[in-house]
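Chain naming follows the written order as A, B and C, and within any one chain the residues start at number 1.
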Amino acid sequence: MIEQQNSRDPGDGADMPGTDVHDLPGGAGAALEAILMVTDEPVSESQLAAAVGLGVEEVGGLLLGLQRHYDGYTGRGDGTGVGVSGSVAGKPVVDSPEFAAGQTRVTPRGFELRRVACGWRIYSRSDFAHIVSRFVLDGQSARLTQAALETLAVIAYRQPVSRARVSAIRGVNVDSVVRTLAQRGLIEETGTDAESGALLYRTTHYFLERLGIASADELPQLAPHLPGLENLQDFDDSSY
Amino acid sequence: MIEQQNSRDPGDGADMPGTDVHDLPGGAGAALEAILMVTDEPVSESQLAAAVGLGVEEVGGLLLGLQRHYDGYTGRGDGTGVGVSGSVAGKPVVDSPEFAAGQTRVTPRGFELRRVACGWRIYSRSDFAHIVSRFVLDGQSARLTQAALETLAVIAYRQPVSRARVSAIRGVNVDSVVRTLAQRGLIEETGTDAESGALLYRTTHYFLERLGIASADELPQLAPHLPGLENLQDFDDSSY
Amino acid sequence: MDITEIALARVTDEFIAYIRRPQELGKEWALDEASEFLVLAATLLDLKAARLLPAGEVENDDDIALLEARDLLFARLLQYKAFKEIAAIMGGWLDREADRFPRLVGLEPQFASLLPELLWRHSPEKFAALARKALAPREAAPTEVGLSHLHAPTVSVLEQAQIMRAMLAAGTALSFRVLIADAETTMVVVARFLALLEMFRDAAVTFEQASPLGELQVRWTGVSRDWRSNNLSAEYAGVLSEMSVPEEAIQ
């Protein structure tokens, strides 16, 4: 960080500590918005906090506030740290009356602020997908095949995992599917198995981004899909 | 004109039978926001009008309304089609006096909608330039990563080439690296692939300058050193 | 899970779909898995019957062992089914996300100009070397269990045959002790011994042993002047090919 700072001269010298971000027009929330305008990846709360010179917690609260504001709620929510997964809340109900005590519905914006892959990012609101998609030339990749989805699911829940193990679970060779998933940036290599020397794979940040979730913890629980097999782990690892 | 009406009640939409953009949450203004939030190039009013299915004049009015709203003004203004933001009350600034008759100051956003030569684009607000600069410079390196260098090499020797093809050759997703290279002026877009419609990339004059050669033809030949070059055909875009 | 609530027909359908997939991909019909399914189906009926009839009993330990083996298969099937359901959920999420477009815009010029000047130290030749590396077709990583983690280095019988042939080329008889004098590991000794057996079979060498357990003298016969290590029997070379270096590398 030090060597980068001396490598340029913004001229205004305004990045010296002491400039209170709250004094700027729009305050700290607007400062966060300004940063979110120039990023092409999800930005972590700590990066944002460092840039605006505030604590991570305060920044987290401000971000939740912006998120709610864009979604059409105004007034204070129930404080910071609530509804981290509020990003998944999706579109608010337009006709809903008063949301809660001290809160009013206003018109939602055409964009939303969401927490994905451990960071925050501005997205167009999905209601306008059919309109926006005409302007996005190169952004969307093709849909995944059933085979790719299943392979991705196994890797997501068993990571780090070798291809051989994924093959064993899916019952078919997964080499080419794994290659495709890696090319698409959804999975990546992560070292080798200590015993077998086989390459191991894990999901990427981009995978979380594409799913619209903040971390792998938000994936659906596997257990409910495995009724009554609490001891599955016993079978699971012993057989490969 | 109709511009005031269509912005009043997005849930209603009865005033404009036949267009559904008003039925969407946030209405036509939000639809424009959605487009502007994700487009890199300035978008002209006629493009926007075509996308949302409204007249150019009406869209022009809506854009002015958005611009004023982002700048922190709300209310009807001088009556020329700025009604869109009227219903969108931001967090009011408590200690700010009434701005003018019929207008209220609201918190300005951290971004602004600017009309540039060929259209409209959202930028970060200039008041926050020093904060944004700090953010942009944080973690920036004067060196390209190995991944970026290798991606650049593939583009240099295979140009014009799509990101999908580079991904296929490298076996990983290169989207973010390609953005970095473009940002650094080493590569640029050069039309789209006739078949897939994917954006194609080529190296720039700046790249040649940095390498110290006059044209891409002067790049050292690879073929004699590359066994099985014909196998490269296998890395086609078949998986996309 | 209550076993009585599992519809056998549904499991059957799913299992048939499961074992058909390799077939659809042009692979061999998974006969063993198909027969496993018959066992599984029988087991399921067995279990269902046992659960439904209070008197139903498991008869002996063999049956229990068999049931456990079938349970394993069944558990795997259920696991696969669970991942399939999860995959469907994930697919829905991906579709939902496809309607949202991230703000992905270039850095505004005034900020882009702040970026530190790139340090660039690649000559065209260095850059070409980089390209060569990046463009070289990558070896598909092995699917099999790797051997590289084994500490014993691999030893090639072919290679050891070549080495001994060179040692014996002068025509004088050498003892086995001499032939293995430079062997650093037991594996090399074993490989040389195997190589000698092969060469003996091809009548490339003769053995002399004055007394039982005495020195083994090895002599190049000269009969097969043109004996080459690729005379090593095909099946032998095949078996060891995994452990061998290509012959060109030796010659």
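Here is the rule we go by: contacts are C-beta pairs under 8 Å (C-beta built on N, C-alpha and C of every residue); 3 or more make two chains touch, one makes a residue touch a chain.
From a predicted model like this one, the values you see are computed outputs, not experimental measurements.
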{"item": "Chain occupying the middle, per Cα centroid", "value": "A"}
{"item": "Inter-chain pair with the most contacting C-beta pairs", "value": "A-B"}
{"item": "Chain located farthest away, centre of subunit B as origin (C-alpha)", "value": "C"}
{"item": "Separation of subunit A from subunit C, taking each centre as the mean of its C-alpha atoms, in whole Å", "value": "37"}
{"item": "Between subunit A and subunit B, centroid-to-centroid distance (C-alpha), Å", "value": "20"}
{"item": "Cα-centroid distance, subunit B relative to subunit C, in whole angstrom", "value": "47"}
{"item": "Set of subunit B residues in contact with two or more other chains", "value": "37-39, 123-124, 129, 132-133, 136-137, 140-142, 170-171, 179"}
{"item": "Residues within subunit C bordering two or more other chains", "value": "101-108, 111, 114-117"}
{"item": "Complex interface listing, subunit A residues touching subunit C", "value": "4, 7-8, 10, 36-40, 111-112, 114, 121-126, 129, 132-133, 136, 139-140, 143-144, 146, 149-150, 152-154, 156-157, 163-164, 167, 169-173, 175, 192, 194-199, 209-213, 219-220, 222, 225-229, 232, 235-236, 239"}
{"item": "Partner subunit A, residues of subunit B touching it in the complex", "value": "10-11, 21, 24-27, 29-39, 43, 47, 51-52, 72, 87-91, 107-111, 122-125, 127-142, 163, 167-168, 170-173, 175-176, 179, 192, 197-199, 239-240"}
{"item": "List of subunit C residues in touch with subunit A within their complex", "value": "1-2, 18-19, 21-22, 25, 27, 30, 33, 71-72, 75-76, 78-91, 93-108, 111, 114-117, 140-149"}
{"item": "Footprint of subunit B on subunit C - complex, ascending", "value": "101-108, 110-112, 114-120, 122-125, 127-128, 130-138"}
